[in-house]
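Across the two complexes that follow, chain A remains constant while its partner is chain B and subsequently chain C.
So, the complex of A and B:
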């Protein structure tokens, strides 16, 4: 029987050539998205006014909420955190099936970016919650499941730092990445199963207006490109560090 | 100011610090991470070049 050859990811290949252009394009798109959020997308309605007022030829019937502008970055960074976690779990499975350390490196780098984007989601969400609801934290279903996700991701790195044996460390890390992955659909679907006023289901409530959707899309593509660029740069650095260690070992021998 | 207009935009000024903080933290943290990754990459590349040279010198010494 012919054994199927496993393709192992390596730094210095064609995706690395795209890393810096992707980062630059991501920076441009997110900047454009930022400008669109404030100059193009209309503010959302707050509390109803006692007396409607004509402003610039438009009848305004509600207070105009500017705090919602945080949404244009909050949602895309949350989606990117899920995507990076899916990659981490995928490489975790590849490690468990092949026992190839390179897949563990890929999984670790993807998990590092997951943590970064989870922190972004938490910070932007908390600042929004603080203004809208007057509290820094509320035990709402989406927030709780996302906090669990963040704790699992932190546990992943705590565990990695506490085990010296690379094989055992990679095995445990892969399992934790899979546990974290299980939380992704729960986190995503929880507001559909347990309705919440803090995290509305946008599609169920009539969807976004075209200006809002366009702004979210631009920021989403920008953040995806930033994440891709960062992943490739960080993977290249991790691979170089591994080769450096191998060279040091060679010199010591 | 027209009291109705004041009511329409009542939340704008109070929410500004939170919006500015959210965007500033996000951009600054992203920038710090990018700088950290790029400087780490450069440092590792420099160490690699020095070590490769040392390995070559060692192998050259052995073969001579």
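So, the complex of A and C:
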């Protein structure tokens, strides 16, 4: 059997050249998306209101139409958090099959970004909850499963900190990232299994108008680029720290 | 002489755990007393309100809180003596499939948790629900209890193997265990409450959560079963 050479990610490989441009492009696209959300995308159902009015049988106010703009950031950020968690689980599998510490670093960095984007989602979602439903929190299925996801991601870091042996830490962390990954489809499917009025399944409810879809797409691509740029920069930083530590250890010996 | 079959190894490991428990009675006593203490805490928490509210609607939730905390205590102990007396190293020396260890440990945990539930559910009924007529569907609570116990024992066995080697292991177990069983807990509480209340359309809130709980059990047990080799060898 031919031993297949495993390509190991390292700081300074070609994706690093793209990190800063991706970050800049992501910032520009997200800003454009922000402006589009307010200037280009029509209010939901095409309503433009000065006074409270009935739209599709629901009483809608102007304030509600403004807070609806949160959607253009809330959904892309949530999707990016899922994507980063998938990457973390992927690198977890790579670690378990190759036993190469580098993949553990990748998995950890991806999980850090998952936590960042999960927090973004929670903040935007909570603003929405407060202004739309008048409460800070409600035990709605998707909110609950997403909160659980956040707690698992936090537990992942707590667990990492309580183990000293790097090999064992990496194994356990990979296993937890894989188990956390099980929550992604649950979180994603829950609104389809248990229909609730507050998190619409967009495709089922007639889809988005082209201007809404365009805005979501711009923000989503922007956020993906931001996530990619941050991932590479953070990975480089983590790798350089590891190499520095290795050199220090060598000097001491 | 050939190697013993996986099933024979499984039986030996399970018998070892059960025999140890029968001799020390460590887990069952601590879990049982702890469950009783939680019930007493409920007594204080509900002292003024228990007559005012409809306990049948809350019974399922309270019962599951009791089960979650009791099993957390038991699961934390389940690998403690393996670690203390280095029994785990002995088991690891035996040339057996690592997932057999998982299955044996998980089965032992299921049996201990079921044994505690057999005592605590009647106690819970005795203390909080005996003043009310029992719904005809009450005995269906057995189904969510069984499904929930299997899933919690499976996930818990995996996690207690992980936390066995961490600092402050009991806290770590709780931090990992509660989020991971949450979907299961949610579904089981819904099904249990439906069975206890036993209203006209109770099956609407019973069958679907139970199916989801079974699905979560299957997925989680498979994931744990596959990954256990890595965890226990680390």
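Keep this in mind: the second predicted complex is superposed on the first by the 233 of 253 C-alpha atoms of A that agree within 3 Å, B and C clash if a C-alpha of one lies under 4 Å from a C-alpha of the other, contacts with A are read in each partner's own complex, and residues count from 1 in each chain.
In this section, a contact is a pair of C-beta atoms (placed from the backbone, for glycine too) under 8 Å apart; a residue touches a chain by one contact, two chains touch by 3 or more.
What you see is a predicted model; the values in this text were computed from it and never measured.
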Query raised in the report: Who does A:23 touch here: chain B (first), chain C (second), both, or neither?
Result: first
Query raised in the report: So, A:158: does it touch chain B (first), chain C (second), both, or neither?
Result: second
Report task. Considering only touches as defined above, state whether A:248 meets chain B (first), chain C (second), both or neither. Result -> first
**Report entry** Contact footprint of chain B on chain A as seen in their complex
**Finding:** 23, 34, 46, 49-51, 53, 55, 60, 62-67, 69-70, 73-74, 77, 116, 119-120, 123-124, 127-128, 130-131, 226, 230, 233-234, 236-237, 240-241, 243-244, 247-248, 250-251
Query raised in the report: Which positions of chain B touch chain A when the two form their complex?
Result: 2, 4-5, 7-12, 14-16, 18-19, 21-23, 25-26, 29-30, 33-34, 37-38, 40-41, 44-45, 47-48, 51-52, 54-55, 58
**Report entry** Residue numbers on chain C that touch chain A, as the complex places them
**Finding:** 158, 162-163, 165-168, 172, 175-176, 178-180, 182-183, 186, 212, 216, 219-220, 223-224, 227, 230-231, 234
Query raised in the report: In the complex formed with chain C, which residues of chain A make contact?
Result: 96, 144-145, 148, 151-152, 155, 158-159, 162-163, 165, 167-168, 171-172, 174-176, 178-179, 182-183, 186, 193
